[in-house]
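Next up: some structures, all given as structure tokens.
Presented sequentially are two complexes of chain A, the first with chain B as partner and the second with chain C.
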Partner chain A sequence: MNVSTQNRRDFLKKSAAITVAPGVLLYSVSPKAHHAEKPVTSETRWGMLIDTNKCVDNCTACLDACVEEHGLTEDVPVEIKPVWIRKVTVRDKQTGRETFLPLMCQHCENPPCVDVCPTGASFKRADGIVLVDRHTCIGCRYCMMACPYKARSFVHEALENQKPHSPRGKGTVESCNFCVYRIDHGMGPACIEACEAEGHEAMIYGDMNDPESEISKKLKEMSSSVLRPDLKLNPGIRYQGL
Partner chain B sequence: MKKVTFYVIEGKSFAFYGGIIVSVFFILLGLFAAYNMEHHGHIITGMNNQIVWGIPHVFAIFLILAASGVLNVASISSVFRKIFYNPLARLSALLAITLLIGGLSVLVLDLGRPDRLVVAMTSYNFKSIFAWNIILYNGFLLICVVYLWFMMQRSMQRYYPTAGLIAFTWRLILTTGTGSIFGFLVAKEAYQTAIMAPLFIALSLSLGLAIFLLVLLIDYWETHCSLGDGILTRPKKLLGVFIVGVFYFVLVYHLTHLYFTGRHGIEYFVLAGGGVYTVLFWAGYVFLGTILPLLLLYHDRFTNNRISIAVAALLTIVGGISLLYVIIIGGQAYPIDIFPGKEIIDYGAMHSSTMYSYTPSIWEIMLGVSGIAIASFLTVVAVRILPFIPRSLSDTDLDETFKH
Partner chain C sequence: MKILMILGKLSLGLLLIMTVSGVSSGEVSMPEIPKAKNNFSAEQSCVEPIDLMRREHGLLLKHYRHDTMRRGIRTSEYSLIACVNCHVTADESGNYPTVHHGSDHFCRSCHTYAAVNIDCFQCHTSKPQESFSSDMEPVQSD
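Moving on, here comes the complex of A and B:
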């Protein structure tokens, strides 16, 4: 082994260390990078728990945050306005008790919208988030016919000022995407952050497959319910106090 | 049986050019509507986020059902070997093709992204009944073309019964698929029932035969070719049977719903309190589309009159479209039950109620009607190019067996 070869090896090693080390350091300290790099697997099942007892009347923080986050600002009649999350007030027919709750895509384990979509544009990610691929959606609206939660909207008009992180398209169907790009970067859905900021803390999210997550612990401790349990869709959105 | 000769129409008459001009006019209107819907979006239609399928779907499904039903005339001759229907088989298969093309055109042009038709043709989710239908519709067109070819080319006629059997089986599967588009939907109370498939099959038979009888009578009135009473009698009686068949399935559908306490709401909506849907059901489907045509077809006073047969066929179509409107649009207008046992008193800041109304816009109607125009145009052009029409349908020229 001659000296020049040794020197070259040393140089390469040092260069590699200098080049890679900052990357490794960034990777390890940034939760955003960590999530974005991590492959999506079925080991995770994202879910939400909504405590309707903490959801208050006249508060639209979660709705406003969703509109802002995804740019759902079209000025169109209510019948055709895209709504990814809505505030609903229900009254028990027997007892008369009124409950307020946010209603959005329930991110079902067995989503009917995915079953019926002819092109496979409606799909469920391995981690349970139900999405629409805007490139293969042909705008047939069969998924809207199939959704038992009326969670989907059709874009009836040309769009302006779209958010780059949440692309949309005229003539395609859309719904709550669980703020998937935020999730992938280690942040929570915009609606939940807004609810927390208002001090209500009616919504939490987390990995329902992780027994140590807050959502899993709460779901184990307290009783919760899903909407239309008779359909056996196993939604990812759970409600307390409903 | 006696040899049947077919001919190509001359295409010089006022009615021929009139038919072409009117068809092209409505096709152009439909294309203009489709362009506007594509350019501005569905905001110019009456459809919304609750009623997502509107009048174009009513027209499209009407044409698709009629397409599979009209082939029944050819099936009777080749599958059930009732050879007196043989002279009508070519026209029957031709109408099946043209009606289906008309229906599919409307369906495609109503898509949010009709430019992505190639995606629909190449990217399939095989759990979707819609995807299956795309295959079934395309397959049906192909089978009908082969069926016609075997019918018309002497050297291939030995395969004609086999092609007929395949076409008949395919059309049953196809209409089962069309009915199942609604039958497989768990979300809406009006649907999610297996009876949708046989109901749609029965409806396809009545609509298809009604259209066939109308085309036959128009041809007779226009070309003055002989059309014996014999050739009209059997299909006329059959139309009555099909109308009763549809009514039977509609009756069982509603009785089943009325028995289930949980579905009383949708039944009340359709049968009593649904406004336009209730009117269309009772006045459009039951009275105009069922009772009146049965009277015209079976009552002694009307039974031998060709005008009454034409009116009965027309009313059957009116009834069928009314029923489809109630099923397709009424089924969506009735709110879905997201919270069983609870009533929704506020649907959020942006939505004041759960019930939406639907008024079709002129664009949608233009698009829907263009489907019928496309079918008419293609039929008229086809009979001008190839021999689909039998030279004579007088009783004396037809097979002996048919007279009894």
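Moving on, here comes the complex of A and C:
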């Protein structure tokens, strides 16, 4: 037998030659990308950190990017317009200080929308992204009522010319999907890209389970808060400066 | 009970008349299905053998939609976007056919012939994507 005659040193030398060379590949092209052909796992938890001090008045870059990215452009009355992300102004009555923050699906760890969904259409992916599976959504809108952040919209009218990567249609509920197809291809959400392009850099995203990620480091370093912590939903979207 | 039986016989009769008249009014013509833009490989024209695709594409779509939607698996060959990109072809003036009844859209033309509903395109776009390809290829990270 060849293997048995091989001494330990030779064996180690050979295996080192095999593993060290491709070892460079351990540093993947983009550390954020998961292998698109493999299922996502709970080793990753996607999250976002929004610095409200950097979010400015009169800027709608993230909102516009969302509308453009997902084709939320249908011509419908304002009451039924889809809103995946909106800008909220918080005003301190005492001091008059105004804070602006983008508000979208908070991608909770314990999402109430998933609890109430009667068909299992509203679900949380293993990597923490909360989605609506429109194939099974019956449009009952319980999730819209359950969401404390008012993050979900309902499509009332038949649509045409949807974006290929962001299917949406009449009779189903929808909300921010963390630009999940972009995430799966190693890119960030469109709103964050737009905020960066505008030079505000108020939003970052990353894997909150990875202690080496930018978001984890910042969260450890600086104080941040979640919206409605009393509900114990542990949202994936965190805010600084609130 | 009697009324029900009479009604039942009447409806059966109606059904017979309809079937007979359907046959006598001529047969449904075969759809003219547009040719796909590319072959999948040198040996194979589609992602799976043609006879399998004709018979089972619905099941395949359902299977891979689950993988993609729930588990985040996005392959380049098995995706509805890839189907549409390859199979939906523009006419001479460069316009893509709609997916409504009577259109010669790849999916619609055959589904009309087979009298099978097609719901995909209530949400998914029925037109090929134009400017979205190179930067959205699946990432090979290891």
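In this section, the second predicted complex is superposed on the first by the 203 of 242 C-alpha atoms of A that agree within 3 Å, B and C clash if a C-alpha of one lies under 4 Å from a C-alpha of the other, contacts with A are read in each partner's own complex, and residues count from 1 in each chain.
Everything that follows uses one rule, which is that contacts are C-beta pairs under 8 Å (C-beta built on N, C-alpha and C of every residue); 3 or more make two chains touch, one makes a residue touch a chain.
Quantities reported herein were computed from a predicted structural model and do not represent experimental measurements.
**Q** Touch test for A:V88: chain B only (first), chain C only (second), both, or neither?
**A** It touches chain B, and chain C stays clear.
**Q** Tell me which partner A:H185 touches in the superposition: chain B (first), chain C (second), both or neither.
**A** second
**Q** Examine A:A197 and indicate which partner it touches, taking first as chain B and second as chain C; both and neither are also allowed.
**A** Neither partner.
**Q** Have a look at where A:R168 lands relative to chain B and chain C in the superposition and call it first, second, both or neither.
**A** Second partner only.
**Q** Identify the partner contact of A:A158: answer first if only chain B is touched, second if only chain C is, both if each is, neither if none is.
**A** Both chain B and chain C are touched by A:A158.
**Q** Counting only touches as set out at the top, which of chain B and chain C does A:V56 meet: first, second, both, neither?
**A** Touch partners of A:V56: none, neither chain B nor chain C.
**Q** Determine where on chain A the residues touched by chain B overlap those touched by chain C, and list them.
**A** 158, 169-170, 172
**Q** So in the complex, the part of chain A that touches chain C is made up of which residues?
**A** Those residues of chain A that touch chain C are 25-26, 28-30, 33-40, 123, 125-127, 131, 133-135, 158-159, 161-165, 167-170, 172, 180-182, 184-187.
**Q** Mind pulling up the chain C residues that touch chain A in the complex?
**A** 65, 67, 69-75, 81, 84, 122-125, 127-129, 132, 135-142
**Q** Please name which positions on chain A make contact with chain B in the complex.
**A** Contacts found on chain A: 60, 63, 76-83, 86-94, 98-99, 103, 112, 114-120, 136-142, 144-150, 152-158, 169-173, 227-228, 230-231.
**Q** So in the complex, which bits of chain B are touching chain A?
**A** 38, 40-43, 47-50, 52-53, 111-114, 116-117, 119-120, 123-125, 127-131, 134, 181, 184-188, 332, 336-352, 356
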